[in-house]
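The first chain written gets the first letter, and so on, giving A, B and C; residue counts start at 1 in each chain.
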C-alpha cells in the first residue's frame, strides 16, 4: 500500500475510535469519580481515585435505589428476551410463507408490512395504550411484550424474508421430492439454513427492545414491570442527583447493549443490511 | 402445474400472527389517529366533535410549531449531510480487509446500540457550559480563553451541537449500508483504473462514488426518517426552548401539555404521511432488488 | 413446485405451533398481572418512598399495604394525562401539582376530596388548601408546604466584605456586583434559564419580590406596563445575565441542575429563588456539596424590604379511575396528619425522616416541629411560611401549562438575546390574554 493511503487509513482508524469511544469513555470516567471531582476545573481525564462506590450505591445493598435498579434490570431482561423470542418465531414463519409460497394477496400483505415500519412511534402511543387498557394488559409483562412484538415484527420479517430470498430454492426442492411436508422442509432444511439471519433478527430486536422508553413508561405503572430505561430516567429526574451517580446508572444501562454489540457485530451488520428499509 | 381445488391455507396460517399483530397494534392505532385528526379532541374544552380541517389550520397558526418546522428542517439538512458524508468516509476506510478491521466495525456500531436515555446523560457531560469536558479540553489547549456556551444561545450552533449527538447515533447504520454496497465493487475495476494512471482521489470520484449510489440512497432515507422524528436529543439538551425545538417535540407538547389531542393527531398524521412518502420510494427501490 | 406438498396436515401443524407458542409464552409471562386486593393501594409520586417504619405503621393501623412507585416529575405528568385520556387505572393516589389544579379539576380526572375528608375542618389548619380547590372541589391535599426562598453563600459574601445581609432588591443587586467586582467568584448569581418550569417559577418569585402579581383573578396579565412588578422582574433577570452576574452557561441550566452544580459547589454566591428545603437536603450534605454550613436562607429581598415568598406546595389526590379510593383516602388522611408530617420533616429522628421532605402543610404540624427545633434554619423559614403567597390563590387556571410554556420559552429567548425583554413580555401577555378569554 502506498504511504499516503496508509496515512489516510491510520487517520481514519483513529477517527473511528475516538468518534465512537470518547463519549462512552467519558461517562465511564465520570462514573468512577466523586461528585466533587466531576465539577473540578479542568475536568479529570481519568478518575483520580477510582472506586466502586457509585456502583455499590446502585446495585448492592438494601438501599431503595439499588432495589429499583435491580428489579428493573430483571424486568428489562424478561421483557426483551420474551419479545425477541416471540418476534423471531412469528417472523420466520411469516417470512417463510412470503419467500417460498404463492398466495393471493401476497404482495398486498407484504406492502402492509413495509408500510407499518414507517409509522412514527408516538402516532400510536395513546391508541395503543387504550387497546392495552381495554384488554387489561397495562402494567403486565405481557402488555409490554406484545407492544414490542407488534413494533418489531415487520422489520424482523423483512430481514428474514430478504435473507431467505437470497438462498437458492433448489435445496428445499430436493427435500420436497422425498415427500416431506412444507413444514417439515421448513424445520429440517430451511431453519438450519437461515440460522445466521435468525441470529441477526434476534440481536437487533433485543437491542431495539432494550432502548425503548416512552411505551414502557406509559404501559408500566410500577416497579413490578418498569424496565431499566424508565428507572434511569426516574433517577435523572430526581431533585438532588449527583452527576456521578447518574453516569453510573447510564453505564449500567449501556453495558448490556454494548457487550452484545461488540460480540455479535457480524450478525447486526448483516441484519441491518438485509432490513435496511428502516 | 396442476390446478388445486381448495385454497392453499398454509401461507395464510403462517402469516396470520404477523397480520394479526399489525392490524391490532399498528393499523388500528394508526387509523384511530388519522380519523381523530379531523376531530376536535380537547378534554379541557368538550365535547369532541368533527371539525374538518380546523386542526390543520390551527397548526399553521401555532408559532411554536412553525419555529419547530424550521428547526426540524435544519436538523434534517445537517443530520443527513453529516451522517452521509461520515458514512461514506468511514465505509471507504473499512473497504479493504486489514488486521483489526472487524474489531473496528464492532466499535463503530456501539453508538447505534445504546438506548436514547443514556445518550442524554453522555452528551450533557460533554456540551455543558459550566462543567463540560469539551470546554475543559479546549481551554487546556488554549483554543478558548473562557468557557463557551454551546447550547441555547446561537440557534445554528445549538442545533448543530444537538444534531451531532443524533449523527453520532445514526452514522453507524449509514456506514454499514454504504459499506455493504462498497464491498461488492470488484477490485479489478480499481486495478484497471490504476493502470490507466488514475490516482486514489480520481478512483474515488469516478468509480466508488457512482457505484455506491444505491447504498447512499438507503442511508439518506433512514437518516431523513430519523432526523424528521428527532425528539430525545433536543428535549434533553435544550429543553422546550424555541431555539431548537423539533416537530416531534411539539406534537408531544400539543397533546400532553396543552391537551389538544386533535391537533396532536393532525400533526402526527402529517409527519406520518411525509415519512410514508419517503418510505414508499425506498420500498419500491428495494422491491426491485428482491423480487426477481 | 409447492403444490406437490400436502396442505391440510401442515396447516394444522403450524396452527398448533402458533397456538403452543402463544400459550406457552402468554401464560408464563402474564404472571405479574395481579388484581389489586382491597387491602392494597398503589401510590405514585415524584418522590422516594416513605421510611419503611412509617409505612409499616400505616399498614398496621389500617390493614392497607402501600405499593410505592417513584417516577420523575415530567414522566409522571405524562402518565397522568395518558391514563386519564385512555380512561384507565394507573394509581390509587398520585401527585397533584399546584400548577395543574385547574386543569385536573376541570377535566374531572381526580375524585373530589371533600367527599372523603372533612376538608372544611382542614382548611383552618392548612393555609394552602385554597390553591388546591377549583370550582368548589378539592382536587388534592397539600402534603409538603415548600416555597421559594433566597439562599446566600455567607462565606463568599463575607469574603467580599459583605457582612450585613441585604433586605431590598437594590441592596441585593449591589452586593452581587461587589462579589463579582472583588473577584470572589466570576458569576455570583444562579438563575436557571433553561426553557423549563423552573424558570417560570423563578420569575413568579421575583415578581413577588418586586411587589406584584402575575395575573388578576380573571386571568388577565398584570405585567405589561414597564412599571409593573412582573415587567421589572423579567428585566432584572435578563439584565443579570447581560451584566455578567449570571454564568452565561446558565442559558441551558435547569433549576435543580444549577442548585447542584453551581450553588452546592460554591461556583455562585446566591440563588434568588431557591427551594426551601435545599440547605438541609443539599447544601449541608457533604456527599453532594462543597459548601457545607456556608449557605443560609435569607428573607427574600423585596422592593422596600423583605418580600413575601412564593408558595410551591406538593399535593396528593385520588385519580377518578382508582381501584381503591377509600383506601387511598385513608392513606392521604394519615399522610397529611400533622404529627406524621412533623416526623417526615425530622421531628422524631432519622428512622422517621423522609428524604427530600421539607415542611408540614398544617400549622399544627409546624407547631410540633418548632417545639422540637429540629429543622435547619427553622425560625427563618417558619416566619417566611406565614407570609408565603400562592401564584394563584384561587387555584391555577386550567390553561396554566400552556401559559407557563409561553413564560419560560420567551424569558429563555430574552436571556439568550434572540428577543428583547419587551417583546418577550408582550408575547407572554398575548398568550395569557388569549387563554383567559377562551380564545
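Assume a residue touches a chain if its C-beta (ideal position, glycine included) is under 8 Å from a C-beta of that chain, and two chains touch if they have at least 3 such contacts.
Given the structure is predicted, the values throughout are model-derived calculations rather than measurements.
Hop across touching chains from chain A and tell me the fewest hops that reach chain B.
Contact-graph shortest path, chain A to chain B, evaluates to 1.
Determine, using the mean of C-alpha atoms as each chain's centre, which chain is farthest from chain B.
C
So what's the Cα centroid distance for chain A and chain B, whole Å?
The answer is 17 Å.
Please compute the C-alpha centroid of chain A, do the same for chain C, then give the distance between them in whole Å.
34
Quick one: which residues in chain C touch 2 or more of the other chains?
In chain C, the residues touching two or more other chains are 2, 10, 14, 18, 78, 82, 85, 261, 267.
Residue numbers in chain A touching 2 or more other chains?
Residues 39, 90, 93, 101, 125-126, 182-183, 233, 236, 243.
At least two partner chains per residue is the criterion; list those residues in chain B.
Only 8, 10, 14, 17, 131, 261 qualify.
For chain C, which residues are in contact with chain A within the complex?
1-2, 4-6, 9-10, 13-14, 17-18, 21, 25-26, 29-34, 42, 44, 46, 48-49, 67, 69-75, 78-79, 82, 85-91, 256, 260-261, 265, 267, 275, 281-282, 285, 287-288, 290, 356
Enumerate the contact residues on chain B facing chain A in the complex.
Residues in contact with chain A: 7-8, 10-12, 14-15, 17-19, 21-22, 24-30, 32-33, 86, 89-90, 92-93, 98, 100, 102, 104-118, 120-123, 125-126, 131-133, 136-137, 139-140, 168, 172-173, 176-177, 180, 200, 218, 222, 225, 229, 231-232, 248, 251-252, 255, 261, 268-269, 271-272, 275-276, 278-280, 282-283, 286, 290, 292.
Touching residues of chain C toward chain B in the complex: what are they?
Touch list, chain C to chain B: 2-3, 7, 10-11, 14-15, 18, 22, 77-78, 81-82, 84-85, 103, 106-107, 193-196, 247-254, 261-262, 267, 398-399, 401-402, 405, 408-409, 412-413, 416-418.
Name, in rising order, each residue of chain A that touches chain C in their complex.
Interface residues on chain A, with respect to chain C: 35-36, 39, 64, 68, 78, 82, 85-86, 89-90, 93, 100-102, 125-126, 129-130, 133, 136-142, 145, 169, 173, 176-177, 180-185, 217-218, 221-226, 230, 233-243.
Would you mind writing out the residues of chain A in touch with chain B in their complex?
Chain A reaches chain B through residues 2, 4-5, 8-9, 12-13, 15-17, 19-21, 23-24, 26-27, 30, 38-39, 41-43, 90-91, 93-94, 96-98, 101, 103-104, 106, 109, 111-128, 131, 146-147, 149-151, 153-154, 157, 161-162, 165, 182-183, 207, 210-213, 229, 232-233, 236, 243, 246-247, 249-250, 253-254, 257-258, 260-263, 265-266, 268-269, 272-273, 276-278.
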